[in-house]
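Each of the two complexes below includes chain A, the first together with chain B, the second together with chain C.
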Partner chain A sequence: MLYNKYVKMHTKSTMQYRSNVMMLSFSACLISIGELLSIFVLFKNFKSVGYWGFYETALMFGIITAVYSLTECFARGFDEFPSLIKNGDLDRLMVRPVNMVYQIFGSKIEFSKLLKACLGIVVMIIAIINLNIIWTFTKILVLVMTVICGCLVIWGVMLVGAGISVFTIENLEFINIFTNGAKEIAYFPINIYNKWLSRLFTFIIPVACFNYLPLSYIMGYGSLPSVVYALSPLFGALFLIPCLLLFLWALKRYQSSGT
Partner chain B sequence: MTFKGELQYRAKAVSGVITQVFWGLMYIYLYTAFMGGKIIEGFSISQMISYVWIGQAFFVLRFADLPKNCAKEIENGNVCYKFVRPVNLYNQWFAEHFGYKLSSTIIRCIPLSIVAFLLPKGIRLTLATSFTSFALFVIALLLGALITSAISMISVFLTFKTLSAKGTLSIVNTVCGVLGGMYVPLIFMPQGVQNVLNYLPFRFIMDLPARIYIGNIPPLEALKFIAIAVAWLVALIIIGKILINKASKNTVIQGG
Partner chain C sequence: MSKIIQFNKICKDFKVSLKKSGKNKFLNLFKREHKTISALKDVSFEVEEGDIVGYIGPNGAGKSTTIKIMSGILNPTSGECSIMGYTPWKDRKQYVKNIGVVFGQRSQLWWDVPIIDSFELLKDIYKIPTDEYNETLNELIETLNLKELLNRPLRQLSLGQKMKCELAGSLLHRPKILFLDEPTIGLDAVTKLSVREFVKTINKKWNTTIILTTHDMSDIDALTNKIILIGRGQILYKGSFSAIKEKYDHIKQIEVEFAKPYDKIELEGYEVLSHNHNFATLKNKEEINFHTKDFFNAISKKYDVVDFSVESISVDEILAKLYTELKL
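Entry: the complex of A and B
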C-alpha cells in the first residue's frame, strides 16, 4: 500500500537525525510533565473543583495528551499546511493522480510526537489505577470511542486551519485558540469555565465531547441522562464533516504561490 | 500591494490580541473556579485577574529565544562569519535580542492593556495600587526583559552543543516556565517550594513585576527583590559570556 511506503520513507529520513528526534521527543514530554505538574500544584493547593479531584483531571489530561500527540504525529501535513503552500510543494501534490487528503497525510509524519503519546497513555493508566471505577463493557467502549473521536475532532480543527491558510498563506495566530487553547481548556472539566466559553467548546468545537462529557459517564457524574454522555464522542465526530468540506472547498480555490 | 501587505500584518496583530485575550480569560475563569474554594492571603480574585493580564500583556518577555537568524546560522554553519568579525559577539547578540524583545513587547502590550482595561468589571485589569509600585513595576519589568535576554544567550550556547534550536529552546522555556511561575502562579505553590523559587532567577522575569503591580509585594520588599534580580542578571551575563567564548573557540562548524 502507498501509505506503508510513506511510513517507511519517513522512518528512514527520521533515523538520519536520530539525536535531533530524541531531543524533540524529550522536550515535548518535558512540556507535558510541566503542565501535569502545574495541574498537580493546583489540586494540591485547592483540593478539588466540584466533583473533580486530581486523578480525574489527570485521566482527562492523559486522554488529551495522547489524542493530541497521535493526531499531531500522523496529521502533521495538515498542521503545517502553510509551509506546503509557501514552498510550492502543494502544486506538486496536485498534479499527482492520488487523492489529495491521502497525499497530505503522507507528506509528513512527525515521529517525535510518539513518545508524548506514550506519556499520555501512561498517565491515563496511572489515573485509572488510582480511581475507583467499576468497569463495564460499555465504559471501555466509550473510552476507546473517546480517543478515536478525539483524534477526528482535532484533525477537523487542523483542516479548518489549513483551509483558512489557503487564503491567508501565513498561519494566523488566532487559530492557536482552537488548537492549543482548546487543549489547555480540555485539561480541566469544562463546566468550571463560564457559559459562553464552555458552550463554544462543547457545541462549536466539540473538545468537551472527548473529555468532560464521556468521562462524566465513566465516572458516573452529571445530571443529564447517561446516554447523552455516552454518545457524546459520536456527536463530536460529526464536527469533522463540515471541516472536511471546508478544506476541500478551499483547496479548489487554491492559487499557487510558489515558483 | 503595499497596502495589502500592511493589511496582512494588521490582521496578524489583531489576531494576536484576540488570542491573548482568550488565553487571559481562560486562565481567569480557571483560577477563579479553583480559588472559589479557598482564600489566599494577600491575593484576592481581582488581584489574580490583574496578575493574569500583566502576564498576557508582557507575554513576549516570558520566552527565551535565539537572536534573529542565529538558529539557522548555527545549524548551517554561517555563524563562522560572525566569529571572524572584530565585534564582541555576546554584546552584539544581546543588544540585538534585547531590542527585539522590547519592541515586540511594546507593540503587543499597548493594545492588550487597553482591551484589558475596558473589559467589564470583574474581569478587568485594575490600576496599580500606587505610583511607587507602578514605578517599581516598570523597573522590575525591564530587569525581567534583561534576564530573559541573558537566559537566551545561554540558550545560544546550548544550541551550539545540541545543534537543535527548537528542542533546546523548548527545554529551556519549560524549565523557566515551571520554576518561574508561568505555568502556574508561584503563589499557588506550597510554601516550602515558594521559599526556594522566590530566589531563583526565573521568577524575576514575570512573577515579580506582576506581583509588585498588584501590590502583593510591598515597595520595600520589592526593592530587596530588585537588588537580587540585579545580582542574578550580572551573574547570568558573566556565565553567558564565558560560555559563548568557550563555544566560539571549540565550535565545529557544520557544513561547508
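Entry: the complex of A and C
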C-alpha cells in the first residue's frame, strides 16, 4: 500500500537524525511529566475537583496526551499546512494522481511524537489500575472510541486551520487557542469550568466528547442517561464532517504563489 | 499531427489585497481594499504532439501561471483549455497521470533518502507496473548516467546531478507531455549541454511533447524553433524563432583595431559602443543595412584601420531588443 511506503520513507529520513529525534521525544515527555506532577500536587491539596479525583483526572490526562500526540504524529501535514503552501510542496502534490488528503497525510509523519503518545497510554493504564472500574465490553469500546474520536476532533481543528491558511498563507496563531489551548483545558473535566467555556468546548469544538463525557459513562457518574455519555465520542466525530468540507472547499480555491 | 494542447482565451485574475502603510494599519485588519491583477489576458495557443515548444518572456510575464494552469494546479478565471481531451483543473487525478512536471527550483525527491527510494515511491504513486518501471528506469539510468547517484541521498548531490535525477523522476511514468520550468537554471556549461541532449533524446525516442520555459536563450536555440513569447499576460508572438533572428540579422557589431590611438571615434550611421586606445566597438543603427564593403570604405576614409571583425548580435540581445520594442 502507498501509505506503508510513506511510512518507510519517513522512517528512513528520520533515522538520519536519530539523536535529534530522541532529544525531541524525551523533552516532550519531560514536559508532559511536569504537567502531570502539577496535577498531582494540586490533588494533594484539594483531594477532588467536583467529583473527580486524582486518578480519574490522570486518566483524562493520559487520553488527552495520547490523542494529541497521535494526531500530531500522523496528521502533521495538516498541522504544518502553511509551510506546505509556502515552500511550494502543495503544487508538487497537485501534479500527482493521488487524492490530496491522502497525500497530505503522507507528506509528513512526526515520529518524535510517538514516545509521548506511549507515555499517555502508560498514564492511562496506571490510572485504570488504580481506579476500581468494573469493565464491560461496552466500556472498553467506549474507551477505544474516545481515543479514536479524539484524534478525529483534533484533526478537524487542524483542517480548519489549514483551510483558512489557504487564504492567509500565514501561520495562524489563533488556531493554537483551539489546539493547544483546548489541550490545557482538557486536562481537567470540562464541566468544572465556566458555563460558556464548557459549552464552547462541548458543542462548538467537542473536546468534552473525549474528556469528561465518555469518562462519566465509564465511571458511572453524571445526571444524564448513560446512553448519552456512551455515544458522546460519536457526536464529537461528527465535528469532522464540516471541517473536512471546509478544507476541501478551501483547497479548490487555492491560488498557488509566486514562481 | 494532432493538437495535444489547446488553449482558448484563457484569462487569470488574481485578487491582491492592498496593504496601506502608516496610521491605518490597525483598520486594515478589518477592512482591506482589493485590487485585481490580471496575470493572463486572452491567452490562446496550440501545441502539436511531439513538439518541443519554448515558452519565453520576461519575469512576471505569466509563464509560471500558464504552466500551473496547464498542470492543473490553478484554475483560470475564464477560458477553455483542452489537453489530451482533459480539462486539467477539472479531471486533475486522471489528467496528471499523463504529464510530468519539473520545477527547476524545487524538488520532488526526498532530501534525506537515497534517490532510488524516491523513485520507488513514485512507482507506487503512479501505479507503474514493475516490468515497465524497470525498463524505463534502466533506459533513464543509461541515457542520464545515473548509476552512481541512485544510492545517494539528494542532499549529497550537486545541482546538475539533482536536475538529472529530477528529470528521471518526472519521466518514470512515461508522460505524454513534459513541462520543464527553467530546467537549466544555475547549471554549468557541460551539464547544461547534457540536459539539453537528454531532452532532445526523450522527445525523439518517446515522442514526448515538451513545453519549456527558460531565460537562457541558448536553450531555445539548441532545442527548438517553435516559440511562444508572452509579455504582461498576453501572447505577443508565436511561431519560428529563426524568423525573429532574421528580423535583427541586419544589425551587426563590429570590432575595429586602429593603427594609432584616436581621441574620438565618430562614424555616420554607426553607434560607438566602446572605445579604448586603438580599439573600438561599433554597431550600425537599425535603419541602415550593414554592408561590409560600405563600412570599410567609410571608416578607412576617416581613420587608419588595421583590422576589423563583424559579428551578429547575440540571441540574448535580440530578446532584450524585442522586449524593449514591445515595451515589456
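The definition used in the following text is that the second predicted complex is superposed on the first by the 258 of 259 C-alpha atoms of A that agree within 3 Å, B and C clash if a C-alpha of one lies under 4 Å from a C-alpha of the other, contacts with A are read in each partner's own complex, and residues count from 1 in each chain.
One rule holds for everything that comes next: a residue touches a chain if its C-beta (ideal position, glycine included) is under 8 Å from a C-beta of that chain, and two chains touch if they have at least 3 such contacts.
The model shown is predicted, which means the values in this text are computed figures rather than measured ones.
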Partner chain in contact with A:255 - chain B first, chain C second, else both or neither: second
First, second, both or neither for A:140, with chain B first and chain C second: neither
Touched partner set for A:5, first chain B, second chain C, both or neither: second
Touching partner for A:204 - first (chain B), second (chain C), both, neither: neither
Touched chain A residues, chain B compared with chain C: B
First, second, both or neither for A:122, with chain B first and chain C second: neither
Partner chain in contact with A:224 - chain B first, chain C second, else both or neither: neither
Residues of chain C defined as touching chain A within the complex: 14, 64, 68, 71-74, 92-94, 96-97, 99, 101, 103, 105-106, 108, 110-113, 117-118, 120-121, 124-127, 153, 181
Chain A residues within the chain B interface of the complex: 19-20, 23-24, 26-28, 30-31, 34-35, 37-38, 41-42, 44-49, 168, 170, 172-174, 176-177, 181, 184-185, 188, 192-194, 197
Interfacial residue positions of chain A with respect to chain C in the complex: 2, 5-6, 8-9, 12-13, 16-17, 87-89, 91-92, 94-99, 254-256, 258-259
Residues of chain B that touch chain A when the two form their complex: 8, 11-12, 15-16, 18-19, 22-23, 25-26, 29-30, 33-35, 37-38, 162-164, 166-168, 170-171, 174-175, 177-178, 183-184, 188-190
